[in-house]
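One structure is given below, encoded as structure tokens.
Naming follows writing order (A, B, C and D), and every chain is counted from residue 1.
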């Protein structure tokens, strides 16, 4: 099994589904006109883009397709929503509320704004990774212009009470943005029901193409543009439309929506099987994040006395692709801010593993994962001075 | 010939070359790992991205591949360069110099900055559409932080004296950005020789994919990020890398560079043939822009007494795809700012046509174009009250 | 920017293009600066529009609305022709893109200007509501609140 | 973040893992908070390092540098072992990614700490330059200028 690849990192990125790729294909080499052009091949691409927009609107329950804006990534959508609101509302105030477990796309954007003179409040999550809407309520001030809380966390999969937070924001007349990059395609999203003003999505998390994203902007909500230029996207996001990307994005979201129930069932059952097997076989393991309010495919575990990168590398040698709970992979040496936020000590945060299951995974793969992890954790613990101290009772 | 499509709008967008599409393909459905991931499929995608970066660096004569930053569009690159410089240097000053024939990606960005308290000087072009480096010299003030002048114009194809302007900027110690979106793939670019600090490129103008772009940032030049978040692109442009897009971008630029001479010859010969034929057959036509310093595939003509959109629609009915000199297509009712900038009166600017030739075009297609235009312009002139007045000597 | 089939038909095969040598009323509106000029020629007998012709410099919608407007008023009384608003022209063309609504306004005004010319020549002028539109109707901000677009798409470009 | 084949080999098949029951010198550096702890055991006879073993909690580079460092010092005199700087360990591993350079520093310091322990036990202590690194070397900003990375990649992440 060494050579075969077993991919448990669907939260990092997914493959493009064959049906999605098929839908995109004609727009590369054949139907390549610029949607802004007046002539017929341009117009048929304009139609492809507008059909995609309608489809996405339907997928997320938007009232109108004109509330859907295509972007180049989830990160761009987050940047646009937050900076766009900050600039548009700076006369009203400069206070923004977020949580301490957001994705860097939100956190780094807030830090940037802080340097520009904005004031950021980081609402704390509890040990399960949940934001308390009351904490948001208490944090809102007269100069608060935006609340941005993610719908589902990328590391521990926790699903936030977005509807309740939106109600709090509405009560105070404050704009509410949610980063739904991890949620989209995995759990139902209905923007009208949720009551959010702004919502970010990224294509490559639900079997769509990389380099595509979307920002939902509720009708009537005015934010400044992030990318200025031509008249595309109703004058709000300039740049020649990525037609194949947009078509693929919409198709993937459509498929995800049609398939949501089966997807949820399959992923959560693989996840639960993995969890059960690992807990039975390996001691000193901790599950991070709420098991109840959680994305179906997410499992986040801490193995005491070992370090995450080592686990990942050894899994990789066995053909298993997973991700560290820590941001180590990206070159940073700090352990995950999310795991620290839910109260893990540094050394335990360092030994964390994120497994994110997807539609191609099988029960056999999960069995192989359990066996492999058992072997690897033993090997690394035998090498670990922390485990030595622990067994000797130091 | 009615049904066949004859595409003379390569400046708007190009098809993706089959070789480019082939290069991109594996990265959609098979080799889909996240380049930031630690495991092997992520690492091989990291390599694909870094190989693409090296290739692009070579294509544009950059000293190091670390000077190449991939973005989501030419527009994003322009926004990043200009806003990034504006933010990074705001303590030094708030004065920016540009020209009055820039693309909206630059102009709208400058207008945005103007609203944020920056001061913009628009250097005028001459009747051929050329910027005089001396005018830039004179416009520079102690608080000037950036000069941004496009390398080649998208409507009239004029190629600017970028090297001379760069020297002026260097003399004053002012950053220089050039929008090379139309230049890339059509004329050689050597950033070291040109002496520019920042240079924008967009993938879909040289047979690469839409939704891809690049910003060259000379080593040592510090600009603020436009899109904040993860550690991608050396911490300067966040968001999961669009691996197939990046691979396709690099491949297309590589092919364009290898093929530059033949490409230049072919396009300029088709262009010259079209010009000659049209001038011989149709009276009251004017060529816009310099014929000497011009992109090989660009032809911009004004037909007196007729309006551009009508010409375009009738060409479209004959299967010929071209573009109006005016921005009419994008929903704006104003005639092209570029044509006004080179001194055309409004009614002549309204009757303009941009033909941009590409590698698939043939001499037969050009013959058909000449015949079609002759017929169309006659028909429209016979319908035109302006032509009536003119013939009656009113 | 997508035109209906009707618009394309009237653009590519415009009805009533030309001049009427001995017209009873001629009206011209718009100007070259804004990219649209419409000139209407009317032949009127016993208060009935016997013939209408036009010449138009402008975009596809300008040609199509001119063509449709002349079709609509032919055979009508002056009173009836005055009821042909921009909305009627647009509806007859199965709609226009929001940015092209001003062309239908121009067509309405071209008819009005030609009728006014007829009335002036025949001493029938009641008021001087129409002097021909020399500004840019719709396009350049000189909005006329009487002329409503079919859809409220104010959020659009 | 790409490891060389040598690094991967030393990570997957680490040499000299374990403890030495009757070690002559033991040193531990790093701390769990920073994600790296190295513990070195040395067996020293007649000033020559007869055996070296380690236990490491840390990333792939931490394990590989521990493994390589123990390999490099085995059979060496104390003086020679003290010449095994982080640079030597890195070169022996065909380099390390910039963000992992601190692991090689840790390996150098672990050897030094174990040697110091040996000297202390044997009354050979000349100075107390090394007290073992209890902070985060490299990683958390406690840079030691003696330890240079192989490449100047200061622009990198």
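As a working rule, a contact is a pair of C-beta atoms (placed from the backbone, for glycine too) under 8 Å apart; a residue touches a chain by one contact, two chains touch by 3 or more.
Values in this document were obtained by computation on a predicted structure and should not be read as measured data.
Path length between chain A and chain D in the touching-chain graph (shortest route): 1. Seen from the Cα centre of chain B, the chain whose own Cα centre is farthest off is D. Chain centres here are Cα means. That of chain B falls 54 Å from that of chain D. Between chain B and chain C the centroid-to-centroid distance comes to 38 Å (mean Cα coordinates, whole Å).
Taking each chain's centre as the mean of its C-alpha atoms, chain A lies 34 Å from chain B. Between chain C and chain D, the centres computed from C-alpha atoms are 87 Å apart. Counting partners per residue, chain A has 38, 231, 309, 313, 328-332 as the residues that reach two or more other chains.
Residue positions 1, 156-157 of chain D each touch two or more of the other chains.
If you check the complex, the residues on chain B that touch chain C are 305-310, 313-314, 317, 326, 328-333, 335, 346-347, 350, 382-388. Against chain B, in their complex, chain A makes its touches with residues 5, 7, 9, 12-18, 21, 24, 28-30, 32-34, 36-42, 71-76, 78-79, 103-106, 108-109, 111-112, 202, 204, 209-212, 224-231, 238-245, 309, 312-313, 315-316, 321-324, 328-332. Considering their complex, residues 1, 3, 8, 11-12, 14, 17, 19, 28, 32-39, 55-60, 62-63, 97-99, 102, 136, 139-140, 156-157 of chain D touch chain A.
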